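Below are two complexes that have chain A in common, paired first with chain B and then with chain C.
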Partner chain A sequence: MTPNPTAVGNPFAGAKNQQERRERITRWLLRLVTFFIVAVTLGILALIAIKGSPVVFRSQWPFVNTKFLTELPSTLHVIEDVKGNKQEVEVGHADEVKAGLGDNFHSETTISYSGGGILGPIVGTALLVLVSISVALFLGVSCAIYLSEYAKHGKFLELVRLAILNLAGVPSVVFGLFGLGAFVLTAPVFTHMPMDRSILIIPLGFTTLSFEGWDTCVLSGGFTLAFVILPVIITASEQCLQAVPQGFRETSMALGATRWQTIRYSVLPFAMPGILTSSILGIARAAGETAPIMFTAALAFKDKLPWQKALPPLPADASIFAHWEQSVSRLLGVFTESVQALPYHIYTIAAKIPQNEYSERAQYGSVFVFLVLVATLAATSIWLRRRLRAKYRW
Partner chain B sequence: MPADLNNDSTPSRPTLGSLLLKSQRRTFLGVDKQKAIRFFFASNSSAAVIVLVLIMLFLLREGVDFLPTYRHELETYQHAGLEFCDLVEQPLAEHQQLCSKLRRVLSASLNTITYQARSRRDAAYQQMRDVEEETRLQRAVLTNALAEVPPAALEKLAQLRQELLTATQLAVSRLAVPPSLTPSEGWQLKRDLALLSPESAEPPLVLELLSAAYIRVDTEAHASFKPLVEAVEAFEAAPDELHTLLNTLKKHARETKALVTDFHSSGKGHGRKDPIDFASRITPLTSRIPELSGRIEAYAQRAQTAAASLPPQAGTPQATKMLSEMRAMLPGHLTEMRAAAGKLPQWSYEKRVSYFKVVLAFFFGDAWITNSSWQDFFGFIPLLVGSVLIAVLAVLIATPLSIIAAIYTNQFASVREQDFIKPVIEFIQAIPSVVLGFIGISVLGDVIKDVSHVSWLQWLPGFPIQERLNMFNAACLLALMAVPTMFSLAEDALNNVPRAYIDASDALGATKLQTVFRVIVPSARSGISAAVLLGLGRVIGETMVVLLVAGNRIAIPDFRSGLGVVFQPAHTLTGIIAQELGEVSRGSAHWQALFMVGIVLFVISLLVNWCARAFVRRFELSKS
Partner chain C sequence: MTEMPVQSANHDAAFIQVEKFNYAYADHQVLFNVDLNFHREDITALIGPSGCGKSTLLRSINRINDLVDNARVVSGSIKIEGVNLYSPEVDVISLRRNVGMVFQKYNPFPRSIFENAVYGLRVAGVKDKHDLAEAAERSLRLAALWDEVKDRLHESAVGLSGGQQQRLCIARAVALQPRILLMDEPCAALDPIATARIEDLIAQLRGKFTFVIVTHNMEQAKRIADKTAFFYKGKVIECDDTMTIFGNPADKLTESYITGRLT
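Then we have the complex of A and B:
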């Protein structure tokens, strides 16, 4: 950009050279700092990949540690015999192995949460994400439609925008407190026997509506997470709606369509792919949050999957209808169970149990799986967004 | 065509005019379908507002009772006389600090004489432990066999002994004699250790000799530092009588408090007891004020005498320095003790605890003590200081990094570099905070600690550090978390600088660097400030990293160590909620206190947002 001064016989050429050198050095310093951030990030990812992949992958077929991905977490027993050989044993078989060793038995160490796999946390996180993204998409997209298609400048719009902005800044642990107060302890349920803590009981004849809360369960956690990611979804959706050219709307209106028909047939179809891809980023965020689910949904340990709840056994001659009803209640019961969640599981095994080689394995394994899930989501979102941008260019 | 125009219009008598000019609409309570849809979206869009209001409401609902509850607790604290005891107890706590300083002085002094003997003894014992560790399996088997009832066969025992002997000899042969031992001692040690067996009760002879030598040297050392030893002992024993009296009083106060708790819990049932007569319960305390004051004075005298008899010089320069520090602290401590004795007669159990005082006790209290058998305190300052220190440090680290990265990426980087840098930095946002916290526990903590023990870095304040988990560690990770927010906002701000400014600068013959640093960055200043503020907002509200990494020690960091303060552990506003809320029962003062902390956090986040918006508004104004 700067013309070469020597070419025009500039008397300050010497000074200029010095300046050029200084400029080059500064530029390199800036580059160094930038790549320092990049290097730190990649270093962390590489570390987790290097230490975590041996836990998840195997060198023989099927190349994946299926046990780690398909079993529930359990306590690991490490049994040492007199020769110093160590054996890792699952919780149920420890006594067997000890009896088998007989006199050769030397010592036993137990490490909580480090045995088995992480299926429970994965399922729990999936359920939480499912609930939260459904709620957040419903609220967020309709909010964005209003903001972008209906709202006129005014007090209400200002207020909504301000609220969204502030909601995005609320600390996640405060969302946790909110979820605890609102969903766990106050939200309305239909019940025959209202609890003492209920703040409002509305008799409906066949049942009562009692504001006594949902307890710690997937629903409470999912709703809490939904509000954590709501600002992200609203902002992203609004951007996608705004990106649809104004001409589409005008054309539709000119053909006599109502406002809703315009939105339904001329705006949403073109904005929806963008909204969905952006919401994947919301999913990643929801999956990664720990503080909001600490008091609303997550358990440190659970030995059953959410749908394995014990229901009263049906009589042998139960009608097919009874079976069907039980399956449905089992399916819906999934949402009223507290679950393990991946981030909370990582917190538990990183902070609450003593560190050794066995717990480290569980830690890096869980972190690796978690990060791969989240990174896949984030990367998919970024990639899809790029493709969409290339596709819808108007 | 008309049906398409409006799906639900059912013209009863269709005429051309009515179709073209006004389509009849089905309405309900004056609301037609279009309005209903519009209303539906409008109500959904108010979700954000409603949630924000609900957050405030629910936080207040659980937290607002904190003031009366805590007031009641403080009142009980006062009425039962716990406060009376604390008047003396709290200043007396400093005696412990002084004692520990003296003990360190003493051990440093003794160490100058005993160091060699002790390290020789310790080295030898370490060798024995090494051998025992190597042969632990064989030893365990033999011990089990010996303990068996009925006793194991002699041949088996002999065989086991032989195995142990072989293993021991193998282990001994691998030993390297420590340099502090003479060759002959080393040889004896090896010989004795080779015969080590679980049956021999006494340690090998060499070890006993070395121990005896150490004890002898130690006695000598004590003799040569006799004045110091005696002064330290006298100083330590100075408050004994005061402690005895205080413990009696404390016991009484605690009993009164138990009565109060009992009274209030029985109040909910039917058999309500008579209210407690605090006046008569408090007399046993107040009647002993003269005695208490006398003992405080006696303690002060004794401590002074003991301090006066301390020798001017200790064994090492550092010890002498510590000794003079202790001497400097003592007068203040004694003044405080005497002042406490002066306050005792004025103390009254029935003074009212006003709400103002409760609010002060919460917002300016310097102790957060829970689950205590004595008295719970919910003082906010230790947590706030931790949070603010960590957040400020994180922002200090993140700001230069992210702004420089933004400048470089926006102004200097080639397109290919940009395509690499931007996604990577944006990806940091997707890394869950609990993962970063885990990195802090498992990797960064050790790295920082190792670096702090490198000898040529010892000039840095706070080095070498003791705690793996500390504020600096947390701040580094939080800085990394704040980088993407700051980076993208700062980059936006740089992008928004009008093209004309840059062209004008170029036209004046400025170099690229001059344009960037004298035109672009200054005009983006307010946008960059907003970026920094929003980064601060993100950092101060972050929970998992600080919970995992900050060390969770609830105390105001010790600022006397200067900048080294950042290497101390601390607790934070967010961390305390996450850590303690799961373990308290609903409605207790502790529960309510945690919700109060939540309210404060919420307000802080609103404030930060408001400031950032103010900056952005200024930025938009300056642009236009």
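Then we have the complex of A and C:
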């Protein structure tokens, strides 16, 4: 049948009916919800940038508040004179300033943790991330290799996957308690003098292995965080391994390689870019967790960096080896110290101390630095993925 | 030049013997009582419709199919010079060093051409640089690729054309000096010109290896194979000289397959 153009005109002209209006409303509703989410995200970022950047940046050279980034947190003293002028003073100089004001002195306010900078938390977070990502990568990649390359499909594998999936759903504070029980209080150490609360003591002759825990330290916190990010690392690593063409495995084995040689030379190298990329996202996650480190590694306040531990002074005629030994023990000692960490520091100054304009300033400064660090990590991950993808295409 | 199988008196003696071979994936049997003999230094083509089990048989000869989950030999045996490949005394690794394989999809590793050529030697523990370089040149020459790549041995193999990549895969397989070369549709992913080059190469290598080639291309089987075996639904229907199979097949099924009337 042929439409008659003169009689019908536009044959596709439909009536603007109820249905069409409903369609339009639905579309706009969904669009608004999406815009709302974007707006909230941008709003959060803008608020942090607006309130945080004045703390971190300066209008004059070197344009960055070096004090904020290179000093440890300290108590801030605000001294007000009779005319109402306020003066911010560091701990050590408070009395000096008060004496200088003499009779003009009106009042003094102290705000905990809000003075100085945030170097301590930055260093602590860096160390925690270093330990956790090393542990998580080793355990996670090993597990992913087993699951992807060795394990046979079946009930057991399903069970393992279910366990990993569940691990991802465990609230982080539970990991914190697990870390407290497992690493802080029971993990094994070599020592000559086991503690009374040690659960199991195994004499080894030259020393004893005592299950008395590592105490609250970077190692405990790092291991705990490792378990938090382990599901992410395992899942991502397994996907990356699966993405390596099966043909590589078959070819390699057909050329007389063992299974491990095949993994070592023809699977892992091509999966590694992806694994590293996703592990950077794991780093961002580990850096941001507060609950797992509250009981295992982090302190609200510490006036020393982890390597500034007081060691017995060496005698003047100490040999070069003694110096060397002390340096090494200082370096390794970093991991057995408790530290401050950025998320916990933010929690402390935002929730544990009376709020005022000074503490708010410290909060937003810390949050801004934290956000920039995490964003840098994410950006690095994207950049790395692009570069390595280009290199290892097949 | 290299240690090659000598033209022996027992040229026609069965070199690879497949006897009453039954093979299954879990409970799904794919090969039924396969009896086949591959003769030394012959080129044998395996033809048949998709899913007829010819690839499975090929992949059982170097036991690469062991990698597939739930794949198993139900009964029967494959023997090379009388040794049952599936007996516990056989070391799969050394078996695979003696039986080279080229796959359908050319898949050089995303490494340099040189590293691809010597991969088998590397995993076998050869460390001497001189030996490796010598082996690389020898196998690349054998695969008729040397002249094209000798100036860029250390560039990525992924930069080569499809046909070159497949010849590199052949070089990689012959680097270990196997006696048997299995090819699973070696030209399926190549254009006609590259296909012709591979066929020329196989013709050149005739007599240096015992070839077993799975192909869907009947013209190719006609051109290169001495013997042809026709598979249908997991059974060998007919195996004879290529001329006989294509000229005067004994079985109705074979005839309808090679004339394209088998559905």
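Observations
As a working rule, the second predicted complex is superposed on the first by the 360 of 394 C-alpha atoms of A that agree within 3 Å, B and C clash if a C-alpha of one lies under 4 Å from a C-alpha of the other, contacts with A are read in each partner's own complex, and residues count from 1 in each chain.
Methods note: a contact is a pair of C-beta atoms (placed from the backbone, for glycine too) under 8 Å apart; a residue touches a chain by one contact, two chains touch by 3 or more.
Just so you know, these numbers come straight off a predicted model, no measurement behind them.
By the touch criterion defined above, A:V97 reaches neither chain B nor chain C. Applying the stated contact rule after C-alpha superposition, one finds that A:G247 touches chain C and leaves chain B untouched. In the superposition on chain A, A:A182 makes contact with chain B only, not with chain C. Judged by the touch definition given at the top, the superposed model places A:T258 against both chain B and chain C.
Once the two complexes are overlaid on the shared chain, A:F270 sits against chain C while remaining clear of chain B.
Looking at the shared chain after the overlay, A:K152 reaches chain C, while chain B stays out of its contact range. Taken together, the two structures place residues 256, 258, 261 of chain A in contact with chain B in one case and with chain C in the other.
Contacts from chain A toward chain C in the complex involve residues 152-153, 245, 247-258, 261, 265-266, 270, 392-394.
Residues 62, 64, 67, 69, 93-94, 96-97, 100-101, 103, 105, 107, 109-110, 119-120, 122-124, 158, 169, 172-173, 176 of chain C are the ones touching chain A in the complex. Within the complex formed with chain A, the residues of chain B that make contact are 4-7, 33-34, 37-38, 40-42, 44-49, 51-52, 54-55, 58-59, 61-62, 137-138, 140-141, 400-402, 404-405, 407-409, 412-413, 420-421, 423-428, 430-439, 441-443, 480, 483, 506, 509, 511-513, 534, 537-538, 540-544, 547-548, 574, 577-578, 581-582, 586, 594-595, 598, 601-602, 605-606, 608-609, 613. Of all the residues in chain A, the ones that touch chain B in their complex are 1-2, 19, 22-23, 26-27, 30-31, 33-38, 40-42, 44, 47-48, 82-84, 106, 138-139, 142-143, 145-147, 149-151, 156, 159-160, 163-167, 169-178, 180-182, 185-186, 197, 227, 230-231, 234, 256, 258-261, 281, 284-285, 287-291, 294-295, 343-344, 346-347, 350-351, 355, 360, 363, 367, 370-371, 374-375, 377-378, 382.
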